Amino acid sequence: MPTVRSPHGEAVALVDHHIHGVVTANLNRAAFELLISESGRPAPAGTSHFDAPVGLALRRWCGPVLGLDPRASPDAYIERRGQLGADAVNRLLLSSAGLELLFVETGHRTDEVASPPEMAALARADAFEVVRIEAVAESLARAIVEIGGDTAGWLSGVQAELEKAALSAVGFKTIVAYRHGFDLPVVRPPRRAVTGALDAWLSGRVGEDRLRLEAPVLIAEVLHQALEIAAAHGLPVQVHAGFGDTDLDLHRADPVVFTPWVRVAASLGVPVVFLHCYPYHRQAGYLAEAYANVYFDVGCILNYAGPSAGRVLAEALELAPFTKLLYSSDAFGLSELAYLGAVQFRRHLAAILDAFVDTGECGRDDAERFARLVGSENARRLYPVDRACRHRPVAAAPAGVPDRW
Amino acid sequence: MPTVRSPHGEAVALVDHHIHGVVTANLNRAAFELLISESGRPAPAGTSHFDAPVGLALRRWCGPVLGLDPRASPDAYIERRGQLGADAVNRLLLSSAGLELLFVETGHRTDEVASPPEMAALARADAFEVVRIEAVAESLARAIVEIGGDTAGWLSGVQAELEKAALSAVGFKTIVAYRHGFDLPVVRPPRRAVTGALDAWLSGRVGEDRLRLEAPVLIAEVLHQALEIAAAHGLPVQVHAGFGDTDLDLHRADPVVFTPWVRVAASLGVPVVFLHCYPYHRQAGYLAEAYANVYFDVGCILNYAGPSAGRVLAEALELAPFTKLLYSSDAFGLSELAYLGAVQFRRHLAAILDAFVDTGECGRDDAERFARLVGSENARRLYPVDRACRHRPVAAAPAGVPDRW
Amino acid sequence: MPTVRSPHGEAVALVDHHIHGVVTANLNRAAFELLISESGRPAPAGTSHFDAPVGLALRRWCGPVLGLDPRASPDAYIERRGQLGADAVNRLLLSSAGLELLFVETGHRTDEVASPPEMAALARADAFEVVRIEAVAESLARAIVEIGGDTAGWLSGVQAELEKAALSAVGFKTIVAYRHGFDLPVVRPPRRAVTGALDAWLSGRVGEDRLRLEAPVLIAEVLHQALEIAAAHGLPVQVHAGFGDTDLDLHRADPVVFTPWVRVAASLGVPVVFLHCYPYHRQAGYLAEAYANVYFDVGCILNYAGPSAGRVLAEALELAPFTKLLYSSDAFGLSELAYLGAVQFRRHLAAILDAFVDTGECGRDDAERFARLVGSENARRLYPVDRACRHRPVAAAPAGVPDRW
């Protein structure tokens, strides 16, 4: 697959600009299946989450890394995983993904998964942190409620925490699509409305440990704060878009609905990076073409679409400049998803660009250049990798890119 | 096409889980053309509804069943149809479709088309009834208005009729997409609002024979009733989604807009089956992945898209589990559409799965299993075919699957 | 590519039913790049608008017309363009596009680009004018404001200007998608609301030269006026839909959101022609199937999608009748885009229809007939080309279709 190789022939190492930690404990089949579906539930009686496109792709590509046949059954796969143990599996799969850099988002089920330094060690590649804005805001709310503190301190506290995070993080991430939807009014809410919503949220909730940031005025205020801080520190803001779990109304996660916020970010000079986007990846491509500050990826749909991932990636490349698409696996929990994401991205990008070359749409030099842009250089140009805190794998040579690429 | 064959080599008989009755009268070209377009009108002057993708596919695949060349002209096709007579044509086409079961929706222009027992006889396959919720509600409204009865009896009457229907039907169907759109408030309306809307609808309309259920609170109330009854009887609820005739605003028929109702149905344990869905079939696939109780088909678009049907079916299979997609023709009026639906589904599903096998995405055993799931087993698992009233073809052996498959 | 040839073998000349004037001045690279992006801005630092699909296609197809290699660099292309001079380039590219008729929309940056007669001369093909409704309304507003005239005259003035335009134009065009979005209330606004909005818009603005028609009631009133005048004169109304520059919220430009207006137009007998439509081209195809008065094209996305244009065109042909799709380049400013649009349309339509023939979906006679319909005959049937004012190229033989087709 020459188009994911450099002019000198070696495969391009990827920047996975949005990944979560992997579970470090062993997993039985039921627990494993929960991590290959957005449903958050077991498959209906008599069925299995393996009987989905992601199940096919996972068996095909991850099985051989663990020494199995590509057609091994789900049970055989889980058994083999158990024999090797989670740590060996995670090291095998993550270090086989051919990653150069990992940007690890740390705001989702943080205590259950590996941290950025741990991810660096497993993948034998440098890791950076992406800070989830809502997690910062909710963590502080819990702290205030726990100690019965003054809720009025929340706003300034969030600002201070985000400022602090901006000194080490490589970017921010927002899940506003989950917490309200992109139809969030962009006008900055008046201070009185913010403090009113804050009181309604936090007053009298001492001892509660689940506090969700859901009031629109609070989300908007925090988002405005984060954009200003991102502007001051040169950080891009990642934005979950498109499909996800059942906590989301899909049509309200269409990135074009976020256009008014894109314009605000543009006025501040802040890049906005839409993540995943399916089935609105064409819309994301349009935004990337029309707005200088918009970037995007198709993230985990390359895993979830399994055999059909190539069509989705091809559509993402219909209108978007080659300078605006990035790579991410959006893997959460399973190192399989980090490895599979890299496999799917490499082989389908190569197929698309090779077809361009074969049908005369462009020369091989251009195709190879686009592969490097999308796989690595766009992310390196966009994110402050020279300033942000870099977690290096300790006591091990970088993984490099396996020969198989 | 081995992937629509069982491991023993024979073709899989299909469950057409959503079909309407066919017209039993002979049809001239003008009447025929009206049944191959969603416009409900003749084509513009100087043009023909045959000059559309569905026209090409119909000529290609149905012509030979009637003894014509695949390239026979529309006039030749209509002439041949007339020579054979509607009954022979219907028997030929329906019994050639390779159907195992038909679920016949009886709520649309019921008096003009064949009933479930008649459809069973024509197709030489067992037929079940799907009851359209709105048709029940409107029929009762007409009965009350005709006799000048008390409108207050409507609500309890609808409940009683749906309860009764649930004893024999294999499922319910709703056309809320046509009558309001999926942005119907999901909160159960207060009784006072319901009776107020009922009075406004029915009072003083003695003698009117066209009563459309259109008030949002009435639609919502009836839908809540139907979901509860479906829960009690283990019935799935079919939901028209996506494209249809000009009675519909397409964007309000995007299935993701119905998500709040999907969650209500989930809480009651009621499966929701989105029908057709185009151009929102990817959205339907997402819902099927994320919600354990969501199923879907791409129905009549496989007919309407003619030569391009394969792309639509492939997109429907991008994200959705293979355990969640069903087959339907959604044929109305023309037995051609029932036959063509089966042809299009079989050949395009086979092409997709064969490509999976050929490119190593899965093994042939998996591909054959998926074909059986999608073509038949998903529907048999989902619907209460063992309890519901079954109409058997009288005095004729089952059609079986023609050798040509 | 036989399917864009007539039965006698010659290539079909195209009707470009929506094109703008080209810039007649020479362009440096920066100015040129601004015309191949919807962003209206230079590409981000370190990147180029050439590194997008449209850049690849432009280099590949336009380079050879100017005597360059298909892989010539952007700098080489711009240099060669400068050597030849804008006039020679425009003549070369426009006369090589194989156009029969051009319908030139004159309402955008009118002073910077060639007029319809100039376009006729450059392309050596007959040109007609399409009048932009909003440009008429804004021009009159400026005139009133300049002379401090009575704002009350605006409404009758717009009507008079549109009536006058209808005598010579081949069609109207509206950019309501840019000025409000398609969710514009369709009920005709009361006169009092119109005069109130008019006063608010124009009073006290003497000397201002930028007046944008943005008040919803004014846009709606003008649109109703235009539809009535179009009805009286037998003119279609073109409607920008889908992607465009940053002046637009994409989801509000989904053509199905305009359905209530489509129904009003249908009641008046006015054809509505949706332009571009991406990524809502499937939605446009649905409207074209369901509504007798709806037509559409995919316009400039065939340029912008470069190597991937075939997929978009194929999707546009999924559901739509072959009698409802039209061809346009939507070129603005660059003759490259007019030429490239024709190349992309011809080669991808040919590929789609050839595949239909090769796989038995239709016969070659049907395929050739569809190519003529879509490329030329649908437009000639729809627009009043026999009545509207025709600008003929002076003193030069028609360009005809180059042998290369």
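A, B and C label the chains in the order they appear, each numbered from 1.
The rule is simple: a residue touches a chain if its C-beta (ideal position, glycine included) is under 8 Å from a C-beta of that chain, and two chains touch if they have at least 3 such contacts.
Only a predicted model underlies this, so the values are computations on that prediction, with no experimental measurement involved.
**Q** Touch graph across the chains, line, ring, star, complete or other?
**A** Shape = complete; every chain linked to every other.
**Q** Rotation angle, chain A onto chain B: superpose the C-alpha atoms of these two copies and give the value as a multiple of 5 degrees.
**A** Copies differ by a rotation of 120 degrees.
**Q** Same residues or different residues: which describes how chain B and chain C meet, taking over half shared numbers as same?
**A** different
**Q** Could you work out how far the Cα centre of chain B sits from that of chain C, in whole Å?
**A** Comparing mean C-alpha positions, chain C is 38 Å from chain B.
**Q** Which residues of chain B are in contact with two or more other chains?
**A** none
**Q** Give the list of chain C residues in touch with chain B in this complex.
**A** 254, 256-257, 259-260, 263, 282-283, 286-287, 289-293, 314-315, 317-323, 356, 359-363, 366, 370, 373, 381
**Q** What part of chain A is in contact with chain B in the complex they form?
**A** 37-39, 41-44, 46-49, 51-53, 56-57, 60, 70-71, 243, 245-246, 249-251, 278-279, 301, 304-308, 311-312
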